[in-house]
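Look for chain A in each of the two complexes below; its partner is chain B in the first and chain C in the second.
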Partner chain A sequence: MSTLVASQPRRSVLKGRFLRAHPLWLAVPGLAFLLIFFAYPVASLLFLSVTDTETGSWSIASFARIANTDVYLRVLGITFKIAGNTALLSLLIGYPLAYWIAGLPERFRNRMLLFVMIPFWTSYLVKTFAWMIILGRSGVINNLLLGSGVAEPLPLLHNEFGVMVGMVHAMVPLAAMTMLPVMTSIDRRLVSAAQTLGSSPAHAFWLVYFKLSLPGVTAAGLLVFISSLGFFIVPAFLGGRQETMLAQLIITQVSELLNWPFAGALAAMMLVTALFACWIYDRIFGISTISGGAVVESTGRIRLIGLKVLEIVAALASRIAAAARLLFGKKITALFLPIVCWSIIAFLVVPTLLVLPMGFTSSEFLEFPPPGYSMRWFGTYFSSPLWTSATLRSFGVAFATAIVATAIGGFAALALANSRSRWSGLIFAFFLAPMIVPRIVIAVGMFYLFAQIGLVASNTGLVIGHTVLAVPFTLVAISAVLKNYDMRLDQAAATLGASRVRTLVSVTIPMIKGGLIAAFLFAFITSFDELTIAIFVSGGLKTTLPKQMWDDMILQLNPTLAAVSVVVFVLVTTLLLLAERFRRSA
Partner chain B sequence: MAKNSTSTGLAPPKLVVEGLCKRYGKVAALEPTQLSVPSGEFLTLLGPSGSGKTTLLQLVCGLVEATEGKVFIDGQDQSDTPVYQRDIGLVFQHYALFPHLTVSENIAFPLKMRRQPAAEIKTRVSDALDMVHLGHLSARFPRELSGGQQQRVALARCFVYQPSIILMDEPLGALDKKLRDHMQIEIKRLHRESGATIIYVTHDQEEALALSDRICLMNHARIEQLGTPHDIYMRPRSAFAADFIGISNILRGTFERNGGGTKLVTPHGAFYLPEGIATNGEGGGLVVRPEHLRIGADSPNTLCGSVKEIVYAGSETRVIAQLTDGHEIILRLPPGQSVPRMGDTISASWDKDVAALVP
Partner chain C sequence: MTKKSFELTRRGLLTAAGGMAVAGIGAPALIGRAHAATQLTVADPGGPFGPAFRKAFYDPFEKATGNKIVNVAREAEPTAQFKAMVDTKSYTWDVCTLTLSARDILTKQGLLEPIDFSHADVPQLMPEAISSNWMGTDVYSTVFAYRTDRVKNPPTSWTDFFDVQKFPGRRSLRKNPIDSLEQALLADGVPLDKLYPLDIERAFKKLDAIKPHIAVWWTGGAQSTQLLQSGEVDIISGWNARFQAAIDGGTPAKIVWNQGLYSLEGWSIPKGCPRADVARQFVRFCSDAERQAIFTEILAYGPTNLDAYKTIPAARAANLPTSQENLKKMAIANEDWWSANRSAVTERFNSWLLS
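For the complex of A and B:
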């Protein structure tokens, strides 16, 4: 007690200094923004789920209804099953790809990384549209099969197979991109060291490399699982009624039945599952490993069992590898990994590329290969006031979003880079939260808030919603640049007589310009092909391009969609390549 | 089977390297190289970065595949043996300790890979830990240790399975000066106690002089000179060798042969050469170590210059003097000797037999 009293005056001095110049003040606008437009709506949605709208009193009626209705329980079960399987398959496919890319020489690595980045940023709508063309009853695959003499077209679409193909295709890039930083930071000399100590290559891989890559693997599994929980585009178009997922149910409850408490309850279940998965992950691995923090090696029996399991796997793998070498020879065995990885890249890239010729078809129908080529569907696209106004709105909204999100993310990044406060970690996590909380939950909560303050069907509402989603990306992009930025340059400028503002404008910003432009472009892309929030917040005539595509895809597939997809794909890829260039040059 | 060509006589060489070379495209990382290392020797590969010493090391242990040439260990051709079957120990520059394993698990790793029985592993690990005085830290993880401790774990992990040859790739490069000196003594002791054959890569000439039985000086992807530390220090065979090992004053000139003996005529005067030295060609460089120069003109071999800089270093004082044509020489004065003042004109002389001649 006495120490507390004694430290009182000193503390107030510190407090005074904090109020004046503490760098964390720069993060306050962003914090306020996220509190109002992200934390508050999500919290009120959760609150709504346990409220009786008639009386305003506490009620668990919505949850009781879920528990008592077979359909809802089945949807829950299917959602978990699909999300879990997607996570598993994405890891299995993403791991070799990430391993291979991480081991390439640096210059080559950056080029190969684009084969993961481009599918990652390609619009889900475009990717899903591509799979509908490929897997459909008269799609690319069935056409090829019928041409080669198979009697019946295979049922590839509107079933679990279709959903899994679409989900895995959408999620492998995320899995690979989450694992890559962990893998590139593993010191490959450790594998050499293991070999000089007598391990076979298989032993060295499993006992050393794989073990050290596990934090990346589990982080990727977690992110893919959580993202998959909130998916609705893929199951809506590639799945059948059996594959209805939770997010679709929420959309129906909100936009068709206007049953807010029930939608809130469904969203709450999704959020709780996501948070529960995060909690388990944190208990086992520590959440900081996601953002690249040090792995704390667990101790005790679990660790020893883990090592033992790896030893058994290593022994098995070593036998298989020896057999493969014996069977195929050393040279061919060494080609296995590149061959597998190029196949994975083909799986990621080729479907989207198939859409390109479809946009230029001369036919009334979506057939592959197109019987002839013309620009007629681009003509239809550009002469339709519906499509052009949606496109222009998307551009405007994306531009505004990019500016606001870059400003918020930039100031927050500056604040965190300059602060050694113990709150920094927590603030960083809060800024990244919109990436972890399923989008559908954010969207429904925001819709509820906007409905009360009259922002539904407004461009402002769209910009606010998209900014919430884009801020994590801008923060990460700018933080990465600031990490390499020598803060002593700021100090040098200060000793040379520059004021804080002057330092920011003439030293810091010019130095991190590349990162800022990259952040701007990432935010632009995020907004430009955002659908979830647009489904709720853009309404009537004020639709965005993705919303217009969604409506058209639900109604009927047509070649205009292919033309639109071409434009979206080319635009997003160009912006992405630009962003990557600026990010590198920074 | 290679012939034993070293001075140890009957003992078969532990390692023989024949025509070993490595090229990346047109760039040679190592020109064809011959080398023979007797059992129990401490050989240092010394040279600047890019001189091929690490490449030679990696070729010997098999981490890099040779373009041509053969590696024999104990007379056995090991050129095509994969690294994990070569029975060689490698101590890495940055230790390469496995971060997910404890100190004792790290040391047990090579024994486990060799399928030793658990009881045997246990005693050998604890012996190895005692050898490097780290018994009390066996349950720690590497990141919980200081740099010096990590290096000792790396040494223990290597010595524990008693490989035929132990290779060390600049193992002390990441440590500060004081710790480095301490670890040098530690490594010397380990070498003496284990009787292991050690090939040690470094770019630090003092370290090479302190540790080695023989030094293999490398430059431009080939061996420049191979010999005992004393040999290399006192009788450098090239200007590079003279310059790389210790500070040298090199005086260049042409030979003048007249009856009694040969003199080297330089811009700074004509100097007598050491007795019985072979003088081939037109001329050469006379190497005079700073500690062999003394102030005074009491020898026919004398230089004159003015003092430009005085550097006090505790155990010695270095004096830099400028000769009349601008060439600078360094003298090393032992403590207690009177030191000239800045700007003084001094004479520096040496006994002709302590100098060396390089082409």
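For the complex of A and C:
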């Protein structure tokens, strides 16, 4: 890749110059990768949806079936509603958190980020079970309530509330981490300037800071919404009879009823929903803002309405703030934000912390508090070659995935940041597509492709599959820092005689190091916690840790799961601290 | 290795070899044994099945034939993997356990290899436990269980389960039309031997009545154990071994076998598998009564070879679906009806759940 950029064959054809100099070339390896391992498998599955399996001819029977009953449209509606509410709540909770963290001195900021990262690192299978233990009828919360004299246990689980808690808990870190880069790049002196010019603090916040942070907010909203569309474990375990999401129906069709054309049709329906959301987003904000790009200042009525709304909000907030100050005094009011944020952090971290003591339980079951303590489940874990080899494989695969995905995403981000081509928007959207397509669709399509080229049950296959999923995240993370990167530094280096490669290695990469590390960690997590692709691609002997946990969870829910979580927690926290140290020292 | 189990192993070998001679595949398998040991990858349901089957089947088979068995956990419904495996000829598994419904789906699509022995070869086997391309190893049963500490008036039938006035308590059913429809009909007074073809309208009408009283619709087997064990619900339908696990772990609960529906799981070989000969030898090996008795030490599932009860202690037999006492209270779930109607009924069930 770098040789492609560096080599300068002396061809004087105009077209040749275009080929060699155009920055979009940097995105080509990534594009090729995604075309082969993402677009092709998904297209094959969608093609199936309009095929008659018996005759191989065209058929719209699957779509006719969807239209014939209202159940699929209703499930789509439920999916839409849950995903939408999750996005809204994740923003409401993630915004103050991100705002607070962005305002901290850099050293504290990174420590606080750890608190956001840790729940992100806990396998969401384990998190879901933690919520069952917290919210259940004889769960932690209800036990506390009953102990304090409440007569009836509260219905917290197996209803919409339970699903929302699980989903929002899974998504707040994603929302906060998407908003954070935008917020840290806002110059807070602008807010002070507004106040110097006579604005109230509330007006200064809403009309200056909030407005500047909007690109991050909308990008986070879209990412959370789209990621939420594909959830299936949370609604299955925390939901009631009304909370069925589309991904659950797709999985039933693929793996139980073996009706792949119909699964393809349902997948197409989900895809259209996601694309529709993207389209609306693009119309209002412009798709490139997802990486923290500047919002094109819309003119005319919409903008005026927007400003009016903000002014009303500001006026209201100003009143409320004044009332709060009157009621509680200035000092206590100033503590509101930290208190709220620490509560959010508690919400994020508690399920993880709850799992830790359960790893040391002497009981046969996952119960809290444990009736006694022992190391037996660690013994089970370490003495099982299946568990230990799965752990090692997951670390190896995640590491390789992180390197490949960061490289692909990094070059693509560089290409898009330097390009003013009209194709950029389209290419960017294509790179984000793996987030929009439900994983089960990618996984099934990929399994077919891999089987043909002998990659099933191989580590390479897993790395490829996980890289497809991780590339959107790395691209977004690196694009975000590149937006604030001064390209004139590259030009200065070039003027001083540095080659393209030299510029990249000695100037660009050190300057965007933070984004690269964030991308690497994102990709690592994506792979390390990935289940759907692992179910299909890892098969046979080469199982990953989430797959092994999943097998165990379906079949034999015992505290080995918690013991594994403890080990992973320790290893991963160590890794994160090392990454942090490396980032600071480098 | 004690002397006794060594003899068992030898006997197992002889049975297996005899069976192969009948089927006419003995020669290649024996040659295989003499020259190169074959490694079979066997997909079992995972979890407690791994160690149980290792002790009952895998280790003895390795001892007896010199071939090696590597076991992995399969998906709950491995039909998709099976199809892809055969379509693309990438055999990640040589033998895999299938439920009756999975067997029927795969048989219809021609994805299974014949096992080359029949009921006449192993007459002690339950007649339902063998077909041309599948042999049942264990029987599981859909029953209900209740918490003895919370439900004071013990329910004894599905009619009681559906009677929320006389038998108060939080209830849970499986979020699946399979079994749920049968349970509703049994509760409505349909006799166990006259269930099929299911009267769908009548079943949904009965389900309508209990719908507001179902606190949890469970989706996974381990979840049903957790629900009973944690006290999330008081009365719950599900698979017997799941509840047995909770009871063995100290949960005060009782299983009601009356009007239970049982079904089977067993081995199949993917069509065109290059190691099919050794795989068949292995399947035949697992039909042995004493081998099957051994897995019941760990798993509360019933052996399909009823001679196994000669060596199973009476206390354990009381918790197994195929013991004489329990089996006579139950009937087999009809897979033919379900394979014909599952897709449409699932759609209706999902729609019913949402309304």
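As a convention for this text, the second predicted complex is superposed on the first by the 399 of 586 C-alpha atoms of A that agree within 3 Å, B and C clash if a C-alpha of one lies under 4 Å from a C-alpha of the other, contacts with A are read in each partner's own complex, and residues count from 1 in each chain.
Just so it is clear, contacts are C-beta pairs under 8 Å (C-beta built on N, C-alpha and C of every residue); 3 or more make two chains touch, one makes a residue touch a chain.
Just so you know, these numbers come straight off a predicted model, no measurement behind them.
Enquirer: Counting only touches as set out at the top, which of chain B and chain C does A:Ala194 meet: first, second, both, neither?
Expert: first
Enquirer: Look at A:Lys211 in the shared chain and tell me whether it touches chain B only, chain C only, both, or neither; answer first, second, both or neither.
Expert: First partner only, chain B.
Enquirer: Is A:His203 touching the first partner chain B, the second partner chain C, both, or neither of them?
Expert: Once the two structures are laid over each other on A, A:His203 reaches chain B alone.
Enquirer: Name the contact category of A:Glu256: first (chain B only), second (chain C only), both, or neither.
Expert: second
Enquirer: With both complexes superposed on chain A, which partner does A:Ile408 reach: first (chain B), second (chain C), both or neither?
Expert: A:Ile408: touches no partner chain.
Enquirer: Under the stated touch criterion, name the partner, chain B or chain C, that contacts more residues in chain A.
Expert: Here the partner covering more residues of chain A is C.
Enquirer: Check the residue A:Asp70 against both partner chains and state whether it touches chain B (first), chain C (second), both, or neither.
Expert: In the superposed model, A:Asp70 contacts chain C only, not chain B.
Enquirer: Where on chain C does chain A make contact in their complex?
Expert: Interface residues on the chain C side: 41, 45-50, 70, 72-73, 75-81, 83-85, 87-88, 90, 92-93, 105, 109, 170, 175, 211, 214-217, 219-223, 225-226, 229-233, 245-246, 248-250, 342-343, 346-347, 350-351, 353-354.
Enquirer: For chain A, which residues count as touching chain B in their complex?
Expert: Going by the criterion above, the answer is residues 187, 189-190, 192-201, 203-204, 208, 211-212, 294, 297.
Enquirer: Under the definition above, what is the set of chain B residues touching chain A in their complex?
Expert: 61, 63, 82-86, 88-90, 92, 94, 96, 98-100, 109-110, 113-114, 141, 143, 157, 161
Enquirer: Any idea which chain A residues touch chain C in the complex?
Expert: On the chain A side, the touching residues are 69-71, 74-75, 78, 132-133, 136-139, 157-158, 236-237, 240-242, 244, 249, 252, 254-260, 363-367, 386, 444, 447-448, 451-452, 454, 456-457, 535-536, 539-541, 543, 551-557.
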